[in-house]
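Same chain, two partners: chain A is paired with chain B first, then with chain C.
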Partner chain A sequence: MARFLVHRLFAAVLTIFVTTIAVSMLIHLVPGDPVQIMYAQSQGTTPEELDAVRERLGLDRPLVEQYISYLGRTLRGDLGVTIRGEQPVLELLLARLPNTLILAASALFIASIIGLSFGFVAAYKRGTWLDTTLMTTAILGVSMPHFWLGLILLFYFAVQLGWFPVAGSGFPNLVLPAMTLGLTNAAIIARLTRSSMIDIFDQDFVRTAHAKGLPKAVVLYRHALRAGLVPIVTMMGLQFTYMMGGAIVVENVFGWNGVGRMAIQAIFQRDYPLIQGFILMFAIVVVLVSIMMDVVYVLLDPRIRH
Partner chain B sequence: MQERLKSAVNLATAASDVAPSRSALGRRTLALFSAVTANRGARVGLLLVLTLVIAAVFAPWIAPYGPSQMGAGMSLTPPSADHWFGTDEFGRDMFSRVVHGARLTIQVGLIAVGISLTVGTLTGLVAGYAGGWTERILMRLVDVVFSFTETLIALAAVAVLGPSLTNAMVAVGIAAIPFYARVAYSVTLVERNRAYFDAAYVAGAGHFRLVFIHLLPNILPPLIVVATLGVSSAVLAAAGLSFLGLGAQPPSPEWGAMLSAARDYFTQAPWIMIYPGLAIMVTVLAFNLLGDGIREALDPRQKARQ
Partner chain C sequence: MTDTILQTAPGKTSDTAEIVLSVQNLSTEFHSKKGIVRAVDGMSFDLRKREILAIVGESGSGKSVTSLSIMGLLPHPAGRIADGRVLFEGRDLGQLSDRDMRKIRGTGLAMIFQEPLTSLNPVLPIGRQMTEGIMQHLGLGLAEARERAIEMMRSVSIPAPEARLKDFPHQYSGGMLQRIMIAIAMSCDPRILIADEPTTALDVTIQAQILDLMRTLRDRTGASIVLITHDMGVVAELADRVIVMYCGRKVEEGLVEKVFHRPRHPYTLGLLGSLPILGQAGAVGDTELTEIPGVVPSLDALPPGCRFSERCGFATDRCRAEDPPFEEAAPGHFTACWHSDQLERAAR
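Here is the complex of A and B:
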C-alpha cells in the first residue's frame, strides 16, 4: 500500500513538474511577438516600455535560464503580476478559487446523488421500461451542452418564475449553476454506475448472498452496493476535474465570480501571466484531488490495502 | 472518458480472433455495418447524422434565406410559417442560420477529430511498438496531459493561438490527443503479441512495414468507435469555445456563437436560444448513439449487458 501511494505521489510531482515547464514555455508558442500582442489593447505604450516588460519577464534570456528563474519565483509563491493593472496573479487567483471550488463541489454533490440512484435503479431493473427511460434520459443529458442547459434554467427559473437571481455570487446564485453542472454530469455518473452495478450483480458473491436467503435489501446494500462503489468512488476524482473544467464555462453563463470567468477574461486580454498562473493552479488542484482519491481508494479496496 | 477508455480496451481484446487479411477486413466492415444497424439507438443516430450531412451539403437550397441576410423578417419575431425558428435581433432567419451552421459543425467534427485521431494514433502506436524508454517517456507524457481536462488544454491552446473558429478546431483536436493515444497504445500492446505480428517479424519485415502494414489496420476498429464518439465531444467543446467568444465570431452562424449572441435578447425572444442549442444537442446525441451502437456491435461483452 505504501508503495502504491509513493508511486502515485511520484506521478503527481512529475505532473506538476511537466506543467511548470509547459506553462513557462507557453508564451514562446504564441505566434508573433507576445509582448506586442499583450499590449496591443493598451494604447500609447512606447517601445521603451515594451522593452522594459521584455526585461521584466526575462523573455530575451536563454530558455533554460528563463525556466529556472520561473521555477524559483513560483516556488517562492510569486506568480508575477497581471499585464492589466499589474496586480499580483497569485492573490487574484486565490481570491476567486473558493468560489470555483464551491461550485464544483456542489455540482458533484448533485451529480452523485442523482447519478448514483438513477444508475443503481437502472441496473437493478435492467431491461425494464424504467431502465430504458432512465438511460434515455441519461444519454440526452450526456449530449446536452452545459451552457445551453444553463441558459434554459436561467430563462425558466430566473426570468419566468423569478425564483433565483439572474447573476451574482451569493448562495441563491449558486443553485442554478450547480444544477447546470450537476445535471449534465449526473448523466455520465448514471451510465457508469449502471454498467458497474450490472457487473457486480452478475458476480458469484451476490448470487451466494441471495442463495443464502438473505433479505433482498441486505444483499443490495451490504453486498452489491459496497463492492460496486469502489470503481465509482475512484471515478469521482476524475468527475471533480470535469466539474472544474465545466465550471469555466458555467461561471461565464451565470456571472459566477470564479477563476474560470477570470481565465476567460485573461485570454481575451491576452494577459499571459494570469493565464499561466491559472493553468498552474488548475493543475495543482487536479493533482491534489487525484491524490486524495488514491487515499480513499486504498481505504475502500481491501485488495490494495494488503 | 474513463468509460470509453475501458470499453475501447475491451474492444481490443474482443476483436482479437479476427484474421488480418484484406478480404476479411472487408467482410468485417460489412458485418459491422449490419450489426450496427441492428441496434435501434444506432439506427436513430445514423439517421440523424445523415440529416445533418444533408443539411450541411444542401444548406443554400434548404435555407430560405442567406445565413447573414439581415431584415429577412422583422427583428425578433417568434417562430411562424414564414420563419420556422423565428428571427433574431437583426431580423435574420434563424432556421436558415441553423441550417448553415451544420456546415461549420461538420467541419469542426472532421478537422478536430482528424487531428486527435492522427496524432494520437501515431503516438500510441509508436509507444506501443517501440517499447523501452520511448514508450515510457511518451506514455508518461500522455498521462500527464490526460490528467488535465480537455477543457483546460483547449483553453491553453486558444490562449496561445488566439480566438477564431479554426484555432478552436485545432485546440479541441489537440486537447483530445492524449485520449486517442491511450486507446491506440493499449490496442497496440494487444496486437503486437499476436501470431501474425510475430510471423511478419520473423519473415524479416522492417519497422515501417510492421507498424503501418501490420499493426495499423488491426488497431483501427476500436479507434473508429472512439473517433465516432469523439465527434460528439469535439462538437460540444468547440461550441463551448465559440459560446465563450473564443471560437467562431459573429456574424458566423456557428451554433455556439449564436447562443453567445442570444444572451442579450433571449429573455424577450427565447427561440433565438432554443434552436441553436437544440441543434448542438441533436448532433451530439446522434454521434453518441451511433458510437454506442458501433461499440456494442464490436464488443460482445457490452452486448451481453443489454
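Here is the complex of A and C:
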C-alpha cells in the first residue's frame, strides 16, 4: 500500500509539472500579442504602459527563462496578480474554490443516489418495461446539455413556482445548480451501474449466495452490490472532475459564486494570470481526486490490496 | 406416496433406505434467440439416504441443468422447469414460496460448484462467507457462528482456520477453496449435497483428496450426494449408483459396479473407453484409449429416433427411425438402447 501510494504521488507530481509547462506557455498559444489582447478592451492605454505590463509579466524575456521564473514563483505559492483588480490570484481562487467544491460534491451526491438506484433496478429488472423506461430517461439525461437543463429548472422551479431563488449563494441557491449538474451525471452513473450489475448478477458467486439460502436482499446488497461497486466508485471519481468542469457552465447559469464563474469572467477579460491560476488549480484538484479514488479502489477490492 | 415412488425406483430391490429426493419426469427449457430448447427432457430418479448418485455425460447432456433445476437456481428468466416435479422429503419444491425454498437451500439441499475461485465472493472475507449461512439458518450469533465456521474448516482439514477466516478467496489455493466450498455447503447439516463437477478445476492429486473428503463427510453426516461429472474415473472412485445422460435424457442407470462391468448403452461404453485402466487389459474392450466420434448434437437439431444414433457404431435403421424406450434390461439396470442385449454379448 505504501509503495503504491508513493508511486501514485510521484505520478501526480509529474502530471502537475507538465501542467505548469502548458499553463505558462498558454499565454503564447493565442495568436497575436498577448498584452495587446489583454488590454484590447481598455481605452487609452499607451504603448509605454503596455511595455510596462510586458516587463512586469516577463514576456520580453526568453521562453525558458519565463518558465523557470513562473515555476519558481508558483512553487512559492505566488500565482501573480490579476491584470485589472491587481488582487493576488491565489487568494481570489481559494476564496471561491469551496463554493465550487460544495456544488460538485452535492451534485455527485445527487448523481450517485439517482444513478445507483436507477442502474441497480434496471439491471435487476433487465429486459422489462421498467428497464427500458429507466434507461431511456438516462439517455435523455446524458444527452441534455447542462446549460439547457439548468435554464429549464430555473424557469419552472425558480421563476414559475418560485420554490428556489434564481441566483446567489447559500443553501437554497445550491439546490437547482446541484440538481442540474447531478441529473445529467446521474444518467452516466445509471448506465454504468446497470452494465456493472448485470455482469455481477451473472457471476458464479451470486449463484452460490442464492444456493446458500440467503435472503434475496442479502444476496443483492451484500454480495452483488458490494462487488459491483468497485468499478462504479472509480467512475464516480472521474465524474467528480467532470462536474468540476460542468460547474463552469452551471455556475454561470445560476450565478453561483464559484471558481467556474470567475474563470469565465477571466476569459472574457483576457485576464491571463487568473486563467493560468485557475487551470493549474483545476489540474491539482483533478490529480488529488484521482489519487483519492485509487486509494478507495484499493480499499474496496481486496484482490488489489494484497 | 412412498409406495408409488418405490415402484418407479430403480436400484437394488433390497435397498429400502428412505428416499430423500425424487425427481419425476423433469423437463427444463431454455429460451434463446433460436427458440426454445429442452435441455432436460423427462428426467426421473430417486436418491436415497446416504447414497452417492453420479450423473455423468458430456457437456450439454443436461446434467448441470438438472442440478440447477433441483436447487431452483436456473438462470432467470431464460431457463424454466416446463414439466415434472422435484420432491424433497416428500415436499414438492415447485409448490414452495421463494421464502420457503430459501430455507431449504443450505439446510436441506446444498450445492458446490466447479470453479471454487469464481464461486466465492472476491470482495468478502472467507469468514463472512462461512458465517452468513450459519447465522441465517441455525440462528446463531456472530461469535457462535465463528466457532461453527472454524469447526467446519477443521473438518475439511484447513490448517490454522482461526487465522484464515479474515483471508479473501484469492489468498487460498484452488484445492483449499474447494474445501471451503464444501465446508460452507455442509455447515448447516444439509440432507443432500449436490456437487457439480467438484474436482474438474483441480489438480489430479487434489481431486483424490476432495473425493475422499466428500466420502468421509457422507459417512460422518449421513447426507446423500448427487455428483455431477463427466469423468468416469470420479464415478468409479466415489459413487454407489450412476445415471448416464445424453442430450437431456437418461440413457443408462444402475449400480456403479454393474454399469462399469457390463455397460448396456453404447454411449456408456464410449465414456468408459476414454477411461484409462491400470494393469487391466480388455476390461472394457481394449487397452487403447478410444473416444466417441463426433460431437453432441445441438438440442435444436436432434436426430429422429435414438439421439445417439449419429455417433453410434451399433446403430441400425431402427435406431435412426425409432426412439428406444428407457427400460430395465437386467434387474436394477436400466437402459435406452435397441441393442442392449447385443451390446452385452459384444462386451463379453
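Simple rule for what comes next: the second predicted complex is superposed on the first by the 303 of 306 C-alpha atoms of A that agree within 3 Å, B and C clash if a C-alpha of one lies under 4 Å from a C-alpha of the other, contacts with A are read in each partner's own complex, and residues count from 1 in each chain.
Definition applied: a residue touches a chain if its C-beta (ideal position, glycine included) is under 8 Å from a C-beta of that chain, and two chains touch if they have at least 3 such contacts.
Keep in mind it's a predicted model, so treat the numbers as computed, not measured.
Novice: Putting chain B and chain C onto chain A via the overlay, clash or fit?
Specialist: fit
Novice: Between chain B (first) and chain C (second), which, if any, makes contact with A:His210: first, second, both or neither?
Specialist: second
Novice: With both complexes overlaid on chain A, does A:Arg226 touch chain B (first), chain C (second), both or neither?
Specialist: Once the two structures are laid over each other on A, A:Arg226 reaches chain C alone.
Novice: Spot which of chain B and chain C makes contact with more residues of chain A, would you?
Specialist: B
Novice: What is the contact status of A:Val287 with respect to chain B (first) and chain C (second): first, second, both, or neither?
Specialist: first
Novice: Look at A:Trp163 in the shared chain and tell me whether it touches chain B only, chain C only, both, or neither; answer first, second, both or neither.
Specialist: A:Trp163: touches no partner chain.
Novice: Taking C-alpha centres, what angle do chain B and chain C open up at chain A, rounded to the nearest 10 degrees?
Specialist: Result: 80 degrees, to the nearest ten.
Novice: Regarding the shared-chain residue A:Leu300, is it in contact with chain B (first), chain C (second), both, or neither?
Specialist: After superposing on A, A:Leu300 lies in contact with chain C but is clear of chain B.
Novice: Just to be sure I read the superposition right, which of the two partners does A:Phe4 touch: chain B = first, chain C = second, or both, or neither?
Specialist: A:Phe4: touches no partner chain.
Novice: Shortest C-alpha to C-alpha distance from chain B to chain C once the two structures are superposed, in angstrom?
Specialist: 10
Novice: On chain A, what residues does chain B touch that chain C touches as well?
Specialist: Common to the two interfaces on chain A: residues 127.
Novice: Touching residues of chain A toward chain B in the complex: what are they?
Specialist: Touching chain B from chain A are residues 11, 14-15, 18-19, 26, 29-31, 37, 127, 139-140, 142-148, 151-152, 155, 159, 188, 191-192, 195, 198, 235, 238, 241-242, 244-246, 248-249, 252, 263-264, 266-268, 270, 272, 275, 279, 282-283, 286-287, 290.
Novice: Hey, which residues of chain C end up touching chain A in the complex?
Specialist: Checking each residue of chain C against chain A gives 71, 73, 75, 77, 98, 102-107, 110-111, 113, 115, 118-125, 132-133, 136-137, 168, 170-171, 181, 184, 188.
Novice: Considering only the defined contacts, which chain A positions touch chain C in the complex?
Specialist: 127, 202-205, 207-216, 218, 222-223, 226-227, 230, 300-303, 306
Novice: Going by the contact rule at the top, pick out the chain B residues touching chain A in the complex.
Specialist: Counting only chain B, the residues touching chain A are 1-3, 41, 140-141, 143-144, 147-152, 155-156, 158-163, 232, 236, 239-240, 243-246, 256, 259, 262-263, 266-267, 270, 273-274, 277, 280-282, 284-285, 288-289, 292, 305-306.
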